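Please find the structures below.
Here come two complexes built around chain A, the first alongside chain B, the second alongside chain C.
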Partner chain A sequence: MHRILTPCIVLAVGLLAFAQDDVLHAPKTVTAGNSVSISTSGQGSATFYLLGPSRVAKRSVQLGQDITIAANDVASSGIYQAIACSSSCSSTVFQVLPAAPARLSFLLHPSRVPVSNGNAINATAFVFDRYRNTVLSSAKVDFHITLPDGPTMTRAGQTSRGITWFEMGSTPKQGRLQIVASIADANEPRVIQQVASDACHLHMTASPSGRTVKLETDPIRDCAGNPLPDGTIVSFTKIDNAGRSTVDTPIKKDKASAQFQLSGNARISVACGVALGNELSVGGGQ
Partner chain B sequence: MKYGLAWILIIATAILLGAGWVQAGGMKIRAERSAATPEEAVRSFLADIQAHNWDHAYSMLDHSHDVQQADFVREIAGSDGSLRTYSSLQSYEIWPVHAESGRATLRVRMNWSSAVGSLDDVRDLSLVQDGNVWKVIWPKPNLANVPLQVLPVNYLRWDLIGRRSDDWGTGSVDTPQVRIISMNAVERPDGLVILGEVENEDTVPAYLNVSATLLKTDGSPLAQQDTFDAIAHSLLPKQVSPYRIDFPGYRLKDVKSVRMDARPLLVPASADPVIAAENQNIEKDALGRSILKGSIVNQSGQVVNIAQVLGAFYDTNGKVVWVANGYVDQALMPQAPVPFALDIPPDVASRIHSYHVVVNHYSAPSA
Partner chain C sequence: MKPFLLWTAFLAGAFTLLAGESALVSASAASLPKVVLHAESIAPRSIEQRTGEMVTHNYAQAWQDLASCVEANRTDLLKDFFTGEAKTRLTHLVADQRKAGLRTHYEDHGHEVKAVFYSPDGGEMQLEDTAQLEMQVFDGQKMIYSSTSPHKYLVLMTPGADRWYVRSLESVGNDAF
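Up next, the complex of A and B:
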């Protein structure tokens, strides 16, 4: 882009050095994607240049007639410069404003969040027109939030310089939290997985049988009652005459289980991450 | 006179051959081949192991224990893709321990060079005199003998599917949430050690690396290192791993603070295999070192080729005072216990109140 713009700007500056009285008359502002007509004065043929933020055009025109600039040539918002050169050059400047909001970019962060976590979810929407120009004027974006247990609510956000955002906490129930950002006909859905938090009230029971003991936890849930997902690691530790034994075992169907050989009386404890469970004393070997 | 020149040439050739034999270590080899004393027998035995001369090494065993050659070779050379199969005996040291009429005990320290560094194996070898030679009494290898059975394995695995979208903000999945739950800087005679524990707080598996940057008093970095293999890199949800980062040659007085960085990646993983660490006890080994001994049992159905044991040791306040790691050079066959040992520095051993062991594993992809 630099390779095109730099010589054009040099050319424009050079041409303007020879600028004569105004022969071009353009509207001050134009909406992106709308054709624009520039009136000219004088006679004879001239070369017309249009320099925009992302486009440069050149063609021959007749002075005294209106110059029509196609919609595609003014799709990008920004400052445009129109230059007409015959024996000398004349120029005018006009601004192309973004069109009506038509597109959204929507960031929802994070993609997974533990339940009951205050202000852990951040939703940010960027508003663009159909030509991907950032719509700088204030616009209203609706966020339709569908919670894991079904209810839907809507939250509105007013953009400032094309951006609107909000934070919210995760709800106590795990599952799929969907947020759809909408403006005009544009809808951008995103999904967050609300996942169980740390284990709460971790409890196991022991079933000694001869020299072995089978251990099984109750269904492992967080403090809001959500079951921890299968595969979560639970650590069992047994201390008896034979020493210390540990096993990290994953939760299967909401429960974790393990089996140890006993050598005399044993103390057995259970933990899941940093959450500690109950401790049992089991007499074995008899 | 007629054959004088011929005799001179024959004698000179013999002298040169003899000199070459001595120069090439012939005397040493002969000593190693000899088994006239217990030490010579062990030296010869270990030289054969070093040279993978299994037939001769096996011939030096006392066969009253009915050790099969295949079992002996399997124990020494490794099998099933174990770490020992990637190792070779680099050097050995021998000390006499006990000797009496016709019997002797020698202590050997075998230093194996392996794919993960050098590994020490200290054993007491008993010998018995058999005529003019000494024979090594090799204990019958305790190879796993699990009866044929069907073991249902239905642990979870996590797969990553799809691909990242090119559209901004549409297709990203966050990396797992991990947390360094403890960190302790310990000065050792050979340098500074950063150790502690890290937890995968998320509901998906993480591949994790932890690095530490030592900062000087002016806040500029002094040195940076990562855990290398002193961590269980793959952490399942809510799994806790010890970590240790070594800074050889650095002193605590030169360090103002330490910046920790845990870098998790979202990876596919399996909850299988489950490996238990059983009967752990802190004891003294034959060399008087404090070690944590125990056995690990692969409770799943697939062979674990290489296992690594990581231990976090806590003081009475629950603070991590040491993290040790060691590899097990045998493959873990399903349901078969395999011994392990972790070295503990003597000054740390006296402060240990509790410990927690984690087993890390590497398995070759199955066909």
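Up next, the complex of A and C:
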């Protein structure tokens, strides 16, 4: 009999000790950053505990009196347990909801992108309240887009679980593309540098002089007319009686140039990245 | 996508099995909680198999560290799988627990995790976690609170050099998802 009774008594004491009875009365939900009043019933002193996602508080209270929880103790959204322990412990649960949107985290990729590239730019915005809680209710984020050639446009995104995103293609003109994400008083600007794409209509001319030939390209531009940046490598390749020879040279002031010694008739080609230019036949000594 | 679900479920089970078999190799691996990742409705980017494996494993490791951290009140246990706001909040929590003489014991019975957002650049992944946790809070030796109800979390993970970090871990109401 003793063996049966002991576990029963322990269980009963356990149930009493953690009873979720009517000692504590908290609102079901509270907005983050607002103080909370929890009413209590009973009498005598007790130890009060507040267990939250990022804060824990413990203090002595008098049962029968209201317990005020300071605003900064409920700044993090989530589930909170309020517990009062005297001879036994009683608890209640309430939820702290995020406050109004006030902060943005805005990610824009990549930092450099070739012009006229479809869906090459992606933007993701995260919406938080002033306490860095993710705002779960749907909110509208405005994206103000300033293109390199001046015009500005705005597109809006509606968040889902605090996130909104979009993709867009780069525009034909190189330069600075700025996107400012905005919600409430929060503005987060980000900049992408649109750079020239691959060379287009690559063309060189040759100026033979005795056994040498000087080569120079026309201004090198992409198909939208954007000049390729100085420093971009252009390759000139010569094939003649002496064999094959290649010169890699950077673009300077929109053009690239090179010089070869010739050994008989030569075929010379030019390339820049994936773009092939024209091919010339040059006679040695001609 | 279905094979991936099955695969991750198998993988998560494998963690548990593996833990039992390699108890002598790694004591910490033995207590990795079970995590099952569902990725059928992830958008806008689909999840790669290797990424799913990493996220599943690292999230399990994060929970293992979290449980150890709030049990022992040691913030050094948060450095491997937490970053950003999640790490900040747990650090505050542990500091408060230590000050109040409290500790929290989690008995982790597993996580059903649904991946809902994966950014186009692969830099952020949002998860909805329904966790089966037994939670016991002690003031000294006295248990002051005990709960066995499911807990829901909205999670943001971001990739690092060799792992995925929990950047945000927010408890949400039962009706959130």
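Criterion: the second predicted complex is superposed on the first by the 265 of 286 C-alpha atoms of A that agree within 3 Å, B and C clash if a C-alpha of one lies under 4 Å from a C-alpha of the other, contacts with A are read in each partner's own complex, and residues count from 1 in each chain.
Criterion: contacts are C-beta pairs under 8 Å (C-beta built on N, C-alpha and C of every residue); 3 or more make two chains touch, one makes a residue touch a chain.
Note that the coordinates shown come from a computational prediction; the quantities given were computed from them, not determined experimentally.
Q: Which holds for A:Ser91: it touches chain B only (first), chain C only (second), both, or neither?
A: It touches chain C, and chain B stays clear.
Q: Quick one: classify A:Pro219 as touching chain B (first), chain C (second), both or neither.
A: neither
Q: Touch test for A:Gly169: chain B only (first), chain C only (second), both, or neither?
A: In the superposed model, A:Gly169 contacts neither chain B nor chain C.
Q: Classify the contacts of A:Gly64 with the two partner chains as first (chain B alone), second (chain C alone), both, or neither.
A: A:Gly64: touches no partner chain.
Q: For A:Pro27 in the superposed arrangement: first (chain B), second (chain C), both or neither?
A: neither
Q: Thinking of the overlay built on chain A, is A:Leu107 touched by chain B (first), by chain C (second), by both, or by neither?
A: After superposition on chain A, A:Leu107 lies in contact with both partners, chain B and chain C.
Q: Once the structures are superposed on A, label A:Val195 by its partner contacts, choosing first (chain B), second (chain C), both or neither.
A: Touch partner of A:Val195: chain B, not chain C.
Q: Mind working out whether A:Arg161 is in touch with chain B, chain C, both or neither, as first, second, both or neither?
A: After superposition on chain A, A:Arg161 lies in contact with chain C alone.
Q: Across the two complexes, find the residues of chain A that touch chain B and also touch chain C.
A: Touching chain B and chain C on chain A: residues 107, 109-110.
Q: Which part of chain A faces chain C closely enough to touch in the complex?
A: 17-18, 47, 49, 51-58, 76-79, 81, 83, 85, 89, 91, 95, 107, 109-110, 122, 124, 126, 132-134, 136, 160-163, 165, 167
Q: Chain A touches which residues of chain B in the complex?
A: Listed in rising order, the residues are 154-156, 158, 168-170, 172-174, 177, 181, 199, 201-205, 236-240, 271, 274-281, 294, 299, 355-359.
Q: Okay, in this complex, where on chain C does chain A touch?
A: 44, 85, 88-90, 92-93, 96-97, 100-102, 104, 116-117, 119-121, 123-124, 126, 128, 137, 139, 142-147, 151, 154, 156, 168, 170-173, 176
Q: Touching residues of chain A toward chain B in the complex: what are they?
A: 105-112, 114, 188, 190, 195-196, 198-199, 228-235, 237, 242-250, 252, 258, 260-261, 272-274
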